[in-house]
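In what follows, a single structure is set out as structure tokens and then discussed.
Going by the order they are written in, the chains are A, B, C and D; count residues from 1 in each one.
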Amino acid sequence: MADQTLDAKGLNCPLPILRAKKALKDMATGQTLEIIATDPGSIPDFEAFCRTTGNQMLESKQDGNLYKFLIKRTA
Amino acid sequence: MADQTLDAKGLNCPLPILRAKKALKDMATGQTLEIIATDPGSIPDFEAFCRTTGNQMLESKQDGNLYKFLIKRTA
Amino acid sequence: MANESQGGAGASNAKSMSIIVTKGSLDWAYPPFILATTAAAMGVDVTMFFTFYGLPLLLKKLDLQVTPLGNPAMKMPMMGMHMGMPNIVGMIPGVDAAASRMMKNLIKKKGVASIEELREAAVESDVKMIACQMTMDLFEYDLKDMIGGIQLGGAATYMEGALKADINLYI
Amino acid sequence: MANESQGGAGASNAKSMSIIVTKGSLDWAYPPFILATTAAAMGVDVTMFFTFYGLPLLLKKLDLQVTPLGNPAMKMPMMGMHMGMPNIVGMIPGVDAAASRMMKNLIKKKGVASIEELREAAVESDVKMIACQMTMDLFEYDLKDMIGGIQLGGAATYMEGALKADINLYI
């Protein structure tokens, strides 16, 4: 569904953000990136990241020990 | 040629800047100060100093191990 | 809105941050690199000024050790609890090295980036890194032993950037 | 454009900076004084707030020593290479003094200002220096042992200045 998926499982701060930024940079405006993480801190962090950079958080959900985010590149 | 010359050879950061400022303070607006330094960091530092204080860098050149600056007091 | 691709040049409308990096131990190298890389990822122009004991963090070959600084009795997780070694123990040759190995193992096990990895990310995301010329002279470091892409500068260079920055940290 | 002649009074349009100075060792006395004097030379109104172990930097007679703080194994350039002394060696009486002498020799040899010289430059360029009254009481210091031109104050005095400042550093 997403244009690209980033597996950030097992990575700790700030690596999920750094990897996500790297992926978004190579995507076109309007494309979506799914991120799967295990770091609970990634919930507030990806929200802060989106608010600050102007990218859009389409979905943020918890699935057992996994945190899944769907971000649309808009910035 | 310059109205005054400051020998800052052998001096390390921040002494060339401090001595230059002291010299400029006693000069009239429009007068020029030549500075001779051996610290390679003085190149970006005197440029930053001029941009920040509004004084004018008329000349910045390297002559072997010597760095020579010509600054006009305009601030 | 931040510009996705700009560097640390400062000609943009992006927010900016400066960090003075003064400490060179394994533990204290983390805060500046974590903050710098995250800020850069969020579109912030970042300048790091490496001075005093922070300067060796620019050496190509890093050999970082932990210190008891700010960590009373050097508490570490061991055997399911937080054990403290009296700091004097850390002074015995070999114990610092053992604590450093323990920290490096924890780092790997917990998915925490290495300093080398974060430094590389900083370079890739155009974080501007300035080596303090005075510290280079004082402690006899050579630019050829340091990573590429760094610039030399002094206090006036730092001040010019800091006066324009939104965040200025001293670490 | 900065005003060339204003002092630290803060009534001007100049940019301003505050620095909290908490460390009193020979090495860690450098960053605050280098930044304060450079900023003042660049037309910035500077206030230094001396507290805790930074307070003795205002004593007329300085007797500063290096510390291993933030410098793992106290690496120093010796015999053409960077030698580290295990920190335990620094705990032996007399060795800190030897390291301090070594540092002072390097400082002189490399054309680096002494702390006394930078402090004098700070006074001359109207850097506002505030001694923390609480620390004076706590560690039993006397104003008559300190340099002239300083003011007494506390956290509220610091806060008022910092709230208006463009750069606030804690060193």
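Simple rule for what comes next: contacts are C-beta pairs under 8 Å (C-beta built on N, C-alpha and C of every residue); 3 or more make two chains touch, one makes a residue touch a chain.
None of the values given here were measured: they were computed from a predicted structure.
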Where the centres are mean C-alpha positions, what is the separation of chain A from chain C, in Å?
25
Per the C-alpha means, the centres of chain A and chain B lie apart by a whole-Å value of 50
Go ahead and note the Å separation of the Cα centroids belonging to chain A and chain D.
44
Sequence positions of chain D contacting 2 or more other chains
34, 38, 41-42, 110-112
Going by the touch rule set out above, which residues of chain A reach two or more other chains?
none
Would you identify the shape of the chain contact graph, picking one of line, ring, star, complete or other?
other
Hey, which chains are touching each other here?
A-C, B-C, B-D, C-D
How about chain B: which of its residues touch chain D in the complex?
10-15, 17-18, 20-21, 24-25, 39, 49, 52-54, 75
Could you list, by residue number, the parts of chain C that touch chain A in their complex?
1-2, 4-5, 34, 37-38, 41-43, 110-113, 118, 121, 125
Quick one: which bits of chain C touch chain D in the complex? Just the residue numbers, please.
20, 22-26, 28, 51-54, 56, 64-67, 69, 88, 90-93, 96, 134, 137-140, 154-156, 158-160, 162-163, 165, 168, 170
Per the touch rule, the chain B residues reaching chain C in their complex are 12-14, 17, 39-42, 44-46, 48-49, 51-52
Once bound in the complex, which stretches of chain C touch chain B?
132-134, 137-138, 151-157, 159-160, 163
